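Labels for the chains are A, B and C, by order of writing; each one numbers its residues from 1.
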Amino acid sequence: MPALKTILEAVLLAAGEPLPLERLQKVFPEAEQPEREALRAALAELTVDYAGRGLELIEVASGFRVQVPGTFSPWVSRLWEERAATYSRALLETLALVAYRQPVTRGEIEEVRGVSVSSSIMKTLQERDWIKIVGHREVPGRPALYATTRAFLDYFNLKSLSELPPLAAPRDPDAIGAELDRRIAVPSSDSTTSTESPDD
Amino acid sequence: MPALKTILEAVLLAAGEPLPLERLQKVFPEAEQPEREALRAALAELTVDYAGRGLELIEVASGFRVQVPGTFSPWVSRLWEERAATYSRALLETLALVAYRQPVTRGEIEEVRGVSVSSSIMKTLQERDWIKIVGHREVPGRPALYATTRAFLDYFNLKSLSELPPLAAPRDPDAIGAELDRRIAVPSSDSTTSTESPDD
Amino acid sequence: MDAIAQPPLARVDGEPYTQLPRDLYIPPDALEVFLETFEGPLDLLLYLIRRQNLDILDIPIATVTRQYMDYLALMRELRLELAAEYLLMAAWLAEIKSRLLLPKPTLAEMEEDDPRAELVRRLREYERFQQAAKVLDALPRLERETFVASAEPPCRESVRPPPPVGLNDLLAALREVLTRAELFGHHPIRRETLSVRERMSQVLERLDTLRFTAFTELFRPEEGRIGLVVTFLAVLELLREAVLELVQSEPFAPIYLRRQG
């Protein structure tokens, strides 16, 4: 019988999608299923084996995946005529709002962005399986609540939402109020330009 | 820049289809395209690297392809297992009767169940290696006597048949406890006692 | 903030415009592109503020409002369809401006929020998510930076696993069948000692391979009295059911068991 890590390598490459530990266990007959710890150890060995090679093993939200590292994209992307899809700012802003604010309604997204969110953006995001409806807010109209999916995390090479880069800290509304009070303490017309340097 | 064979590895793994030499050349910028001979040499190196691993490099009609060797098919094929079906009630009843009344003939099973037992059920149970014929009753027709197997005990995590749950199974102790608590809580004048009853 | 590189707002005769012309003259076809460049009134306002290197916290409302209205007027002049949000923002800006111009009458009303506070809050909030969108876009993602590595699998045919069965399913099935049997009343089932029936199977199994065995060899002293009794009962039951027969060549000779027939 081949070594555990070799079997895992074969299975992960044949799968072409992330596999959770449970599914890796299930490729073995019932009586021979390795413990999760043994699997983790073998996967760690593979990770080391792949250093400096044309492939890498990473863990994303749906499990373990073998992929070609980003350093090879200059060569790999020349394989295909089409360039990788780029997404509009509107789509990315909407996705960012769902990712950082989930679960969130379309109305709440529109509130922050100050414009209506086009249906085609919501449709594209759902068709890509990056966002999905996870429920409804119990207010009149029962608007749908959107959240990101596991496929979203997989696609962006993330294991969980906590791996998203932190959002710039919100400015405390009280602090904004205080700051404004200080600046306008001397009744001023709004044309007065502050001589203070911007604080950010 | 990574070694030529590493780039080829990355490109072949990302492609997911056979790539002819011309396409492998084209993943390099025009000025840097390696000679076909250099490519062939690097591919030969990869072939050697993959010996004893979960992948192999082969040349097929339309080019070079990375594939999982056939020796791994026992594991890989379990990746795409269909969802397990469920057994019919008739089959479970038959199995239960063999387990609790063994050794037993098909006629005896039919007598208790009140309907005939299909041959396919007996065949399925024998193919699963849960029951087997252990003898014949010396009556006209010499009907086969069925008993459960060791594999049956293994599957249900039993050391012996005596560990089968007794027929008149006592009620789940937790359920009994909850029931008692509920009954005790009612006569109590103190309304706080009811909050102490465990959730069920 | 001004360090953030702006994408070209428009291309006019192939020339990229990263800054809107100061005199606000924009060729019509470029303005259409320009309108698409902005993601809404908040985006446009942020642009105006950044362009003049102003602090969001200290927006000169009069100036910004005037500029904003100029843009809007121009767009309408060109009969570009303006989203309602732009007009709503214009109305809001006008309201803020008018409130700022009003004298502050009493001390109690000094507490009142700066009319700009809500606008500032929304601008800052939107700015955060503009930033987040950029961060998200910069993450390495599949099909752009990284690619799923796959190798041709050796086989594609799927395996159908046998159905799982729980012990409880088994017990439930038995209860059901026995209840049914009792209902008809023909076959009262009495609970038998399982171990005897199990031993019956074992004895038969043994005879299946041997055909013939010494009676004494069936007994295992290590099983103790209970084990001996169970084996003995099993043998008796098998004899009664005419599955086995006992063979003894002469009195006191060893007793053998063999399958009937």
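One rule holds in what follows: a residue touches a chain if its C-beta (ideal position, glycine included) is under 8 Å from a C-beta of that chain, and two chains touch if they have at least 3 such contacts.
In this text the structure is predicted, and so the values were computed from the model without any measurement.
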| item | value |
| --- | --- |
| Category of the chain touch graph - line, ring, star, complete, other | complete |
| Farthest chain relative to chain B (centres taken as mean CA coordinates) | A |
| Computed distance of Cα centres, chain B from chain A, in Å | 32 |
| Inter-centroid spacing, chain C versus chain A (mean Cα positions, whole Å) | 13 |
| Distance between chain centroids, defined by C-alpha means - chain B, chain C (Å) | 23 |
| Residues of chain C engaged with two or more neighbouring chains | 147-154 |
| Chain A residues counted as touching two or more neighbouring chains | 10, 13-16, 55, 66, 68-69, 72, 76 |
| Residues of chain B that touch chain C when the two form their complex | 10, 13-14, 16, 55, 65-73, 76-82, 84-87, 89, 92-93, 95-97, 99-103, 111-114, 128, 134-139, 142, 145, 147-148, 155-156, 158, 160-162, 164-165, 167-169 |
| Complex interface listing, chain C residues touching chain A | 1, 39-43, 55, 57-63, 83, 85, 89, 97, 100-101, 104, 113-114, 116-117, 120-122, 124-137, 139-154 |
| Touch list for chain B against partner chain A, complex | 2, 6-11, 13-16, 19, 23, 26-28, 52-55, 66, 68-69, 71-72, 75-76, 78-79, 81 |
| Chain C residues touching chain B - in the complex, by the definition given at the top | 147-165, 167-178, 180-181, 184, 186-187, 189, 191-192, 194-195, 197-198, 200-201, 204-205, 207-208, 241-243, 259-261 |
| Residue ranges of chain A touching chain C (in the complex, touch as defined) | 10, 13-17, 55, 65-70, 72-73, 76-77, 84-85, 87, 89-90, 92-93, 95-97, 99-100, 112-116, 154-158, 164-165, 167-168, 170-171, 173, 176-177, 179-181, 183-184, 187, 189-194, 196, 198-200 |
